[in-house]
């Protein structure tokens, strides 16, 4: 991971760099709000420069693409976004666990069961995003939000764990974490009775999470650890 | 109920009149999306002229205000809107039942238990709105929607039953029914994990229900019965 | 319907007759707790004589079998029992509505949509079972129970409506109603995360509903109306 | 921790020792199925000798009592059992996380927020129980069961983490983990609509988890790691 960003920032760089990722659709659902949302993010947001990347819903390849993007962009913030169909709120994940246990195959047809993501890696990593402050800011902005204690054991948790593993072995601290979002309203006709959230709310929510994190970095508090 | 509306329409009146009602907040929640939504409705919508009324969340008084509004306005369509906290979709109610059985007191402190709404009235009335067509149109417009088979036994069902009783004894047919809406996003901080819907979606949904109903009236199909 | 039962009872018959029905499995689930439960009921219970009948999960035929059983047995109490997968409690239905609107075909492949059950019949009938007293007795016996305001629009509601229609046109009053029961524990492996109830609890619950109803009849209070 | 048990077993001890804990009631609920269940366990179960301990629903004291019991008894298996009100199944927890974040105060009035359980401890520990085999055995015995990926951040997770921390620093391997159980049927009148499970099912489920684990130890497979 090219260590330029934090280092330069320490010597006066005014801009903070954020990488935001979303996932391709998976299963038999033709849409995934996470990728729709990141495509609508602005390139600049206050003191933030934003870069976005689309990840495949594939265990192994998603990790490689994420690692390359982090190496290329040397971001100060990485926020991975994924769909959690059935949840009603924006949920900021607290902890990534070192296990793949897939209820359905990924988009490449691979279905790992009870497999360590990083052999010999720690059982879990905590996010380094200020998740409590972010939830408070989201609610103040009238967006439903909460902390989640499980990102599951599918591709979302996989990417989240790989991300936090990159952070753990990086030379500088990095604010990194995972945001799960509900179905879009248009998806609910396939999932009757399920809660949903508009794309506008999701996009606005992502920006709030990024802004709260940027403000913390600007205040010199850096990553939670 | 002044019978002018349908009659005049038959002789060439181009405009269709709709009455839409919402409820004041109840319990310890300071907001009610139904009243917020009706305040944002336009006065004219295609061939429709809209009038709105706010009803108190009080068993007996809500009925009187509704009956007066129907008598004064002689509408072709009456849509009563209420909050169903915990539901995720716009739900069009199919049937109103002749019973008050309140889990909490109304805003006047009254809590009827197992009381007939109209003594000697039928056990239930079906809505005369085209609810299946409305649900299809809502879903086509990417709004979560479904049919509901119970409006509960609180003030919402009470008003719905009284409305359909007015329709039953009226001289002309009337498209009338009840729409339950989810919490607003801003209410969810008081109800963590509950589904929500934006005010914009709710307002748009009400307009779609009204337009679908107006189109049916214009096509000479009138009320479902 | 042979009117013997109530009449004889008025002249001193000590025994009260109850008919309890359950449904065959439907959809792709090989079991249905309602039929398993009625097979375990005793023939005599306090002052009650019990007869049981299995009904097919078929709209039209279920009604014919029910009507014949009521005519043959001249019961004082009729309790129809059905499965409501996903509910957690024994739920006593308050109201049957005059509509078939099937989300899936019945076991004969028939799927009525928005069809009146009895053409020209009332929109709904209320149960004549003492449902509030029954819920109180079930809870006192440590069984989860509640009132439900919708039996759906599938075969369960169909049979319930036909039952109450038989009661309405009968010459004597009859305590009749519908009890929905949860999945059995053994069914939950096909429906992960769904609530369940043991067969023993369900059988015990049915007996409590019957006993509470019998006590009311013995006290001369008869059917709720 | 007195290391006798495993060591002796290696040299031919036929009996396997299990410690099972439950919690006192907490919040305003007078019952806790976990403690009711452990009181009904037999002292011997196949090749197992069982000891039970009641833990207070108090963050710090629960840990001390657990550590003392483990030191005194030198068990081969430790299963902590707790209530997860609202869940429908027996849920075997996969992972304990190093954080206390209490939504309500414990029974001593203490409410830690975002506090590490063990300062400098790993972010999480995986259970060393054979949870997949146990879920399969529970389902085969017609008991609703599943794996859970979060034990929350209250006293249950606290005790689970402390348990796995004891295991991590112990000299010998130990099959240890946490089982969350649903409400009892008698508790549901306070929580209408919530799923429940009978005490008999819970007691039977605990015995199955213990037996599956004992069989694995007897087969020389020991703790999962």
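The first chain written gets the first letter, and so on, giving A, B, C and D; residue counts start at 1 in each chain.
One rule holds for everything that comes next: a residue touches a chain if its C-beta (ideal position, glycine included) is under 8 Å from a C-beta of that chain, and two chains touch if they have at least 3 such contacts.
Because the structure is predicted, anything quoted here is derived from the model rather than measured.
When you average the Cα atoms of each chain and compare centres, the chain farthest from chain A turns out to be C. Put simply, the C-alpha centre of chain B and that of chain D have 50 angstrom between them.
Distance between chain centres (mean CA atoms), chain B to chain C: 32 Å. Averaging Cα coordinates per chain places chain A and chain B 41 Å apart.
Among the residues of chain D, none is found touching two or more other chains. The touch graph of the protein chains shown is a ring with every node of degree two.
Remark: the chains found to touch one another pair up as A-B, A-D, B-C, C-D. Chain contact summary for the complex, chain A toward chain D: residues 94-95, 97, 99, 101, 114, 122-126, 132, 147, 149-150, 152-153.
Here chain D touches chain C in the complex through residues 88-89, 139, 142-144, 146, 184-186, 188-189, 192-198, 200-201, going by the rule given at the top.
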